[in-house]
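So that you can tell them apart, the chains are marked A, B, C and D in the order they are listed, and the count of residues begins at 1 in each.
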């Protein structure tokens, strides 16, 4: 968690073109646990080892993409403090009442210059991970239902003005830059990976003309063998794979990119190192993203879909 | 890192009975990188993927054990602030001048009621992990020298008054309780695992009559396959194994405990989950530590050495 | 398979003290597939990736242990030829009619000088491994039910006269010696590992005064990560572990020994190398079995139960 | 090994455009051990865990490709017998004198209707795998030099008349069909995988108009984690990857295809199941090779290079 009290990405609301297809994908293939549905028809899911009520909310819509990403903060005082800091920085914020998302307290929402809506919240009902409270086993049967990631880990968003976005996350919310890709002329950043913890990324951005776009939502696996198992399960279920299994040079993470039935890209990955805010950020040249192995270390190429396919 | 600005356990000074045997063990068998020796004859080592100059300092002495454990903090202001907080709490602190440890800034030292010396410091020279700065590869040859853990991860200390110790770490330094083992009567804790991050432990304590004792220093591996490789390398080098390879029920970590040539226990481990301060701590009964699999999940027994052999 | 046409260990009949407890263990915990029960009340099981109808037959009895081990041979002509060779060697053989074991053809049985009954058979009904015939997936859901080994791999038997046993397997049935442990005086063998293939063992023997004893039946896993998963599942189901997870120095296999509810030891393991008959056998001294890591490479000790607990 | 006494693919002679580049690739990047050079300038290598003197022979030539593949047979009597059987079948055979290949006995060579030269030999000097003879460790330092496969495993050859080739291997040499891909009209086979053991393939063929072509030489790794390590090492050394890391649907093997500096494709892989001659062969439709995941199970596509790039 950041020194500011931002703990982690806690939820994301995703638009799917067909709700039941989306639920089938995220619950039965990815293997999340369905924890509720609300009056608006939204479906709530969590990864088996997450303890809060939900981390993924599916909303049926005419266009795929992401509605918002929410970060859990330590407590209500932190929420108030950070709202004040965001306003002081010059951003408009909005309060969304407790209960608007199931089992979730009041949220503070603001829009990034990249066009994405980000939320902060301090409360989400703990429902546990299905393990006994006393003397727990290390895992449950749910950890083998579908791909079964342990948690929603991060997302990669595409939009304009990521230099501005970086300042908001770093100067106001307490994140730090972990890795970056330079523009072809080396004058700025094409891509940035930001952490509020010692995860190699809690959120990441790529500079892109269209605002508010989603590149991928990412879910954490526990081993490279689980990445292979995920690949098998994707193939068994006719999930279209974009890239992988492979290793990203950026972050060292071992990954598969694939698409849900609505065309939203999702990632199942493991590994990467654990950075701290005193680390010098790692830098990739623009060529390094492709031929340098930044995107696909073994293949050393810039898969065309990486920069072009978003929702 | 904690909200207080405590980042991570950054160094430990270990007493070894024979310096060159100790160096051989930690450099050639464990596979750390030797980064320097000082006028006192102390030898400095780091894990291959650590970026600061040292994480382990070996000092030859007549008795094995641990001299101190140091936590890196964000910056000098944090160091000053935390020193003030420790004094306000009622603890005596001592300043050790910059340079007393090679490549390391000023340290603030205090003694825990368990008899252990803990240090805070804000500066240690970054020497890098041997990877190129631009477009780095994911690993170097050094990552396959010996067991080659990626970092010093945590230590488990034995001493009296751990309830008091817990208060200092949690109330002053910003740690939180991740797991604990109850006393046989359930009235208190026999063992506590504390985190200043989302590591499952940055430091841990077991209640023990003798003050200032070391149970183990722990080093992080990247996979269960690397744990097997570590076991093989230990056997090839006649390192005496205490427990493992196995899984701890506590923390879910997958581990080997073994002894260095001076009788100091060290651990090479991987895995475990990633907790946050909003998680309810996991509780083990005293019986759960043994028959419940807390110590050794497959074997479900309290190995006699666990509670009796310390340095 | 051996040049003689002996393919593999295909079935074993095990005595259990309580049938339903045995079925629960081998079907629900080990994760074999129950394929039938016969008029005698015997229960038939196979591993998920085996294609023949059964590999393990459970018979309720007052005393645990093994009734017989059967090897599948290429065809009926091979069966007849090998029966003739066994008789020519001086062993009595017995024909057991087709159907006495479900889905199994005629068997040729003979008793080893170690007191064990060995069978050869040419026919067992193929029932498949549950994968589609055309364009199969790499695995099925059954591969994650319980520990879910891929096959019955080998057994280790204890009894007298293993030098004689070795001659029968090698000179008559076409096996070869892969590894051996010398007696303390180095004059003979205490233990032998024999292969009819390039498996590191299809059957193994330890010299022991009591005839006809079972040390363990062994089941093959696909990775060291599956060995950890097996360990977890054993602990979750209160299966008593004898040794492991660890690596055998002998064969290099990575293993857990544990006991079924009747006290029969079973093994789940992976790995080891793939020998050929032109390889020089690997030799272990008697001390090498313990301190040399032959039994438990990381721990380098002769666990007391290894030589004393059999059924 | 086959019932005929054919043990395994024991050597292959590969043409490289530049000898020292080839040696660098196979010795320093793939990590084989150089065991000799002969008067013709050929370089001999073996995998670390192979016991015979050589398994790969590099010959500098103007055109890349494979000169011949040799299978080791049990003994000289087997060699004579198989030569007689090949002649009786109608194939011309040639004797190449002992010593023409370093450390290798007399070879019997014949040409397949696919245009490939195949050899049988009974003798190659055992040089061991570098482990001590008594009480060996499970591996040596050489097992971590470069990619470090344990053995030459199989090759895939492209040429005409593979139905004829299959008959020679199965009817004369004792191999059996493990998997096959049907022609688009389903009337014949486009590809066949043949085994003389319980390896999922000892040699494989794809129907192709040009005779004598090499698709890949394959080397065995021990785990999926080693496949990732191989991918990393390839990228670190600018080896061009063709496909992978991924799983083949055919054989279930987990693989990387890549090219040596001369354009010869090589594979590093692990896994797959272990078939026996009593198994029904697995069949893939022509579409199944691509969209069915036969070639690349996660990606479910027929990479264009698979059918077009050979040497």
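Keep this in mind: a residue touches a chain if its C-beta (ideal position, glycine included) is under 8 Å from a C-beta of that chain, and two chains touch if they have at least 3 such contacts.
Protein identities per chain, from UniProt: A, B, C, D = Metapyrocatechase.
Remember, predicted model here, so these are calculated numbers, not experimental data.
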Pair with more cross-chain C-beta pairs in contact, given B-C and A-C: B-C
Rounded Å distance between subunit A and subunit B, as computed from the means of their C-alpha atoms: 31
Centre distance in Å when subunit B and subunit C are each reduced to the mean of their C-alpha atoms: 43
Length of the line joining the C-alpha centres of subunit A and subunit C, rounded to whole Å: 48
Multi-partner residues of subunit A (each touching 2 or more other chains): 137-138, 223-225, 232, 235, 247, 293, 297
Arrangement of touching chains [line / ring / star / complete / other]: complete
Complex interface listing, subunit A residues touching subunit B: 1, 3-5, 7-8, 49, 51, 72, 74, 126, 133-138, 150-151, 197-199, 222-224, 247, 249, 252, 271, 273-274, 276-280, 282-285, 288, 292-294, 297
Of all residues in subunit A, those that touch subunit D in their complex: 224-225, 228, 231-232, 234-235, 241, 244-247, 254, 256, 293, 297-300
Subunit C - residues contacting subunit A, complex: 137-139, 144, 223, 225, 232, 235-236
